[in-house]
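Below are two complexes that have chain A in common, paired first with chain B and then with chain C.
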Partner chain A sequence: MRPLTEDETRAVFEKLSKFIGTNVKLMIERKDKEIYCFRLQKDRVYYTSEELMKKATNISRDSLACLGTCVGRFTHHKKFHILITCLPLLSELCEFKVWLKPSQEMSFLYGNHILKAGLGRITENTPQNTGVVVYNMAGTPLGFGVTARTTQEARKAGPTDIIVLHQGDVGEYLRFEEQNPACAV
Partner chain B sequence: MTSTDVVDAEFGMEFDEGNMCVFDTSTGEDLAPAAQALVHRLFKLERVVDGSLGGMRVVKLPEGVTAIPREKPVPKASESTKWEVFAKEKGIQKKKRDRMVWDEESQSFKPRYGYKSRKSLKDVPVLEHTSDLADGENPFTKKKRAVKDLVEKNEKKRQANEKKSRRKGAAPLPSLVEVEKGPSGKGRIPQKQLAKSAKIAQRSTASVGRFDKRVGSEADNPQPVAQRRKFDPVSNDGGIKVERKRALKIAERIFLPKPEPVQEPKEGPLGKKAKKQRKKH
Partner chain C sequence: MGGTGKGKRRKREKVIGTGLEHLSEFVEEKKVLKGKRRRGSSGEDGKVGKRKKRKSVITEVEDEDLSGEEFPEDLSDEEEDVDRDDQRSGKNKEVLKDIEDFDEDEDENVEIDDVESEDSGAEVPGRGLISDENATWLKPKHGKQQLLSDEDDDEDHDEDQFEELEVEKQARELDEEDDRVRKEADDEMRFNIEETEKQARLESGATAGGDAKLSRDEIALRLRRNLAVLKDFKELRDADKSRSEYVAEIIEDLAETYSYIPSLAERFFDIFPNEQCIEFMEAMDNPRPLTIRANTLKTRRRDLAQALIGRGVNVDPIDKWSKVGLLVSESQVPVGATPEYLAGHYMIQAASSFMPVIALAPQPDERVLDVAAAPGGKTQYIAALMNNKGVLIANDAKKERIKALVGNLQRMGVENTIVSHYDGRKLPEVMKGFDRVLLDSPCSGTGIISHDPSVKTQRTNEDIARTVHLQKQLLLAAIDSCNAESSSGGYVVYSTCSLMVDENEEVVDYALRKRFVKIVPAGLPFGVPGFVNFKGTRFNHQMLEARRIYPHVHNLDGFFICKLKKTKNGVRSKHVVDDINAEKREESETVDVQVPPAKPKPGTSKDAKKKTRLRDKDEKTRGRRRIKEEVAVDSEQNTNDEDKSARVKTKKAEKERKVKAKSSERLESENGKSSKEASNGLDNLKRKDKLKKLQKKLSKKAAPKSKS
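And then the complex of A and B:
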């Protein structure tokens, strides 16, 4: 476990800012005044409270499975990939949201893109190629993705057009259980 | 087959005598006339008497036209040695000589050279004292030395030949190439570059220059130690504040509006337009 270097911090913030924009600052200077930090452990980036992080220092690097919330991981090429485990963080701070019709919920949870037919609601003025958090109509976050169309374009799109490209969904907890940091123990 | 037949048959065919190929682009059904036309052309080529083949008449094929794919480039012919050049000039041909020669003295066959040969000094009890020998000089050692010198000379020539034919692709040390012309007009190697190649040479040993004796004023050239990656401490009291500050700074830098690229006017005050106007006046 170690703090991120400057380059790593930039990579993480740039990726997060695609979803939560300037709210990245709110992850460092939280509203509840608690001190949180980012830590790297075995290529995974964790967002954790200072208290928990200090406790985790007692555990050797090899045996520390995970701590706090896993935000994502660094690939071998030092690219940062966001993971589904950070969905609660994203849904709290995200700028743009998409709501799914019940008919396409399961399709999305199996890793498919969101088509116009399944689109229930979308935040006004969502630009193209922006990270969005996907909710069901009841308001439960289901995953996240990238918009393939703006809100205006989505209105004109045909029913089979892809509106949001799938990036992560809660179905991954079951489908990729062995890769999930939360299941590392 | 008359010549007109050949002309008829050759219609719509492409020949590549070098590769002994013919391509029939017209019909491609009956291939016999194509093959026949190719043979006809091959026999029309100029015939030469080849001495190396015992005076047989041969035909030298022209260079092939069709590009045939090949994994590696065609190996270049090795450069001929100095002797080969000389032999060719004088017309000396290589002849196979017998290893064994008849020796009149011993009335037996002996090897031409080497062990137990006629030239060998092993079984010679006495040698004549010739006039070219100095006082007290041993004729046996003189002969031995002469043989040794000859071997050395041949070895030197062999090395020279090898050096001449060595591939030119291998790069020599950088500075030794970059010869500049000095003030006197002679080529010289700048001191800095010489020092650079000396440094490279110092490390170019099996022990990376570690166990080599230094010569004269030669400076030490230790292997640079790779720097360890350094990370911030995982946790210390002052650390987290510094870390947060730095993180905030990075976040702010990301959200700074990117400066728009400044567009420079394409035509300056003395550009084409201005010049044209000046011409008019």
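And then the complex of A and C:
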């Protein structure tokens, strides 16, 4: 476990800012005044409170499986992939949201894109190619993705047009249970 | 065209069938009905004429013919029959009128017949029931006429007495045959039972060979009988059969009936006496209700229940004792794959595994350790109770299970947790000073047989012994990593999903002897107290505060929960153990002395009394030896600073003991456990050597101390 290097920090913040924009700084300067930090363990990036991080220093590198919340992981090519485990963080701070109709919930949870037919609501003035968090109509976050259309375009789109490209959904907890990417052991 | 026409009839039956092949049961019923009808009509007229009988038969034909018209498909395979029906239908009405006048009661019967015959098809009237009278208006095709008339001839003979059809006759014969076979089987079985009983009496217990012959029912019978005998052993026992033989037989039968291996069945029978054991095993064969626990970090139970009911999952609150549990009574969708589940709003978790966490009662901002955490149900519950504050360390020794653990924790939104992968026994080397520690120990799983029936046949005594060893090590490690000086905690909860005393009471008792812990009330809403005395082994009396959960009593998985409070850090060495025992004795002396140590039961024989006397003697000598030994060990560890205070206590206790030597010795004989400890202590050889050396030292040291 170690702090992120400058390059890694930049990569992580760039990715996060796609979803939460300028709210990124709220992750460091939190409203509850607690000190939180990012730590890297076996290519996984964890977002954790400082107290927890200090306790985790006791644990050897081989034995530390996870601490706090896993934000994502670096690939072999040093690209940063965001993981579904950071959904609570994103849903707390995100700027643009999409709500799913109940009929399309399961389809999205199986890893499909969101079509116009399944779109319940969408935040006003969502630009194209922006990260959005996907909710069901009850307000439970189900995953995240990237918009393929702006809000205006989405209004005119046909029922089978893709509005949001799928990036992650909570169904992955079941689908990728075996190779849990958030686990560092 | 001579002969009886049997050959032709057979051929015909072969080609087109009788329509009655599968309906012997209907024939049977009809026979009964006919019998009634016959009886009824004879009651009216006194005498039954052939003519009247015939008429009744005709009514049957008529009605069945009519019904045949309602089901033309039955007739379609034989066109002539249809033609015949058409021809008949005109005259039928006339005949019917006659019959209506004849008898109304009969009509009712006919109706019943009609209903029945709907299934039986058109063949029924077409073949057997055409009597002489019918021949006047029935015009079968050429060639069949002969056949029918022949039939009539045949049946006329029968009709004189029974009016029985060919098929009916066959059916009756079959029934008789059946009855005979059954009767023979019955006789044989009764004979078998008698034989085995005789055998059992003769061989008295050694019935292993005879068992193979016994059926399931017989085993169940024997089991019940033997259990009844045990209840009132004096009255019901067989004079040449000892209690142990009865018990052996019961265990054998239990193992056979519920397919346990005998060693496991025996263990269960030790825990659950008599009928309870059957109840228990029966409960183990039924699945426990599916329960889920709402994740209070993300939702509330009421909201979750609403959402789930909306998805077609029927849920009810578990009970008063849990504010987060929901009982799934019925579900149209898989409970483990709803969007709510994936979003981490609930966890599928057996209700009994709430208990250890309820007992642990973690507080926010504490440091809590879960030694064997995977798959994370209890860990998540702890995190939820801590409200995601403080530090929770979830450890597990198995790599594959850690993935599931991490997955579950992340899904449920737990943020205050570090997941580590250590052998639980090495944890104190890594981290110490926890406020609360939960050890949900790996175990033989004898409490969750309903989830994993393979336990029944696979857990041998060696397996259990191995887990016990591990559990003892783990519990000591768990206690070591706990901090006794913690302002809010210092608690260790030990739980297993096993019901074996070896894995529970014995392990806790071991920890009580080795570490400074005491058992405190677990704060659970229900449960059976732990064993204090089991098969002659005495456990610490505090064990009454431990809780056992039974499937047949509480309808939860079998569980054992024991909450320990750590009173002092460090390892409890031998002399301190004895010291504390001595203190305890002195505290409880006044009470204990009043009760005679070995109270002979009124029923015991002289031999037993002798034995107890001998044992007392033995323990007296042992007790004396023990005092010496204590002194020895004491002085040996004089240099140990940590235990100074304890040493002073020992001295005090020793002095007092010298005064009350007699009474304390007597008490020792009562306290079987302490004497056992003494005998279990140092090796005899070592002890003797040390004794000699250290007694000299002691005498030197004791002199100045007594002066001061």
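Just so it is clear, the second predicted complex is superposed on the first by the 180 of 185 C-alpha atoms of A that agree within 3 Å, B and C clash if a C-alpha of one lies under 4 Å from a C-alpha of the other, contacts with A are read in each partner's own complex, and residues count from 1 in each chain.
Rule of thumb we're sticking to: a contact is a pair of C-beta atoms (placed from the backbone, for glycine too) under 8 Å apart; a residue touches a chain by one contact, two chains touch by 3 or more.
Because the structure is a prediction, the values reported are computed rather than measured.
With chain A as the common reference, the superposed partners chain B and chain C fit together side by side. Contacts of A:Leu142 after superposition: chain C is touched, whereas chain B is not reached. Look at A:Asn180: by the touch rule set out above, it reaches chain C but stays clear of chain B. With chain A used for the fit, chain A forms the apex of an angle whose arms reach the C-alpha centres of chain B and chain C; rounded to a multiple of 10, it measures 110°. Counting the residues of chain A touched by each of chain B and chain C gives the higher count for C. Of the two partner chains, chain B is the only one that A:Thr57 touches; chain C does not reach it.
In the superposition on chain A, A:Ala65 makes contact with chain C only, while chain B stays out of contact range. Once chain A of one complex is fitted onto chain A of the other, the partner contacts of A:Glu29 are limited to chain B, with no touch recorded for chain C.
Once the two complexes are overlaid on the shared chain, A:Leu93 sits clear of chain B and of chain C alike.
For the overlaid pair of complexes, the smallest distance between C-alpha atoms of chain B and those of chain C rounds to 15 Å. The contact sets of chain A with chain B and with chain C never meet. Those residues of chain A that touch chain C in the complex are listed here as 48-49, 51-52, 55-56, 58-60, 62-70, 85, 88, 105-106, 109, 136, 138, 140-142, 169-171, 173-174, 177-180, 182-183, 185.
Residues of chain B touching chain A in their complex: 231-235, 239-240, 243-244, 246-248, 250-255.
On the side of chain A, the complex with chain B involves touching residues 1-3, 5-6, 9-10, 13-14, 17, 22, 24-25, 28-29, 35, 37-39, 50, 53-54, 57. Contact residues on chain C toward chain A in their complex (touch as defined above): 307, 336-337, 339-340, 342-345, 367, 391, 393, 399, 402-407, 409-411, 413, 415-422, 430-431.
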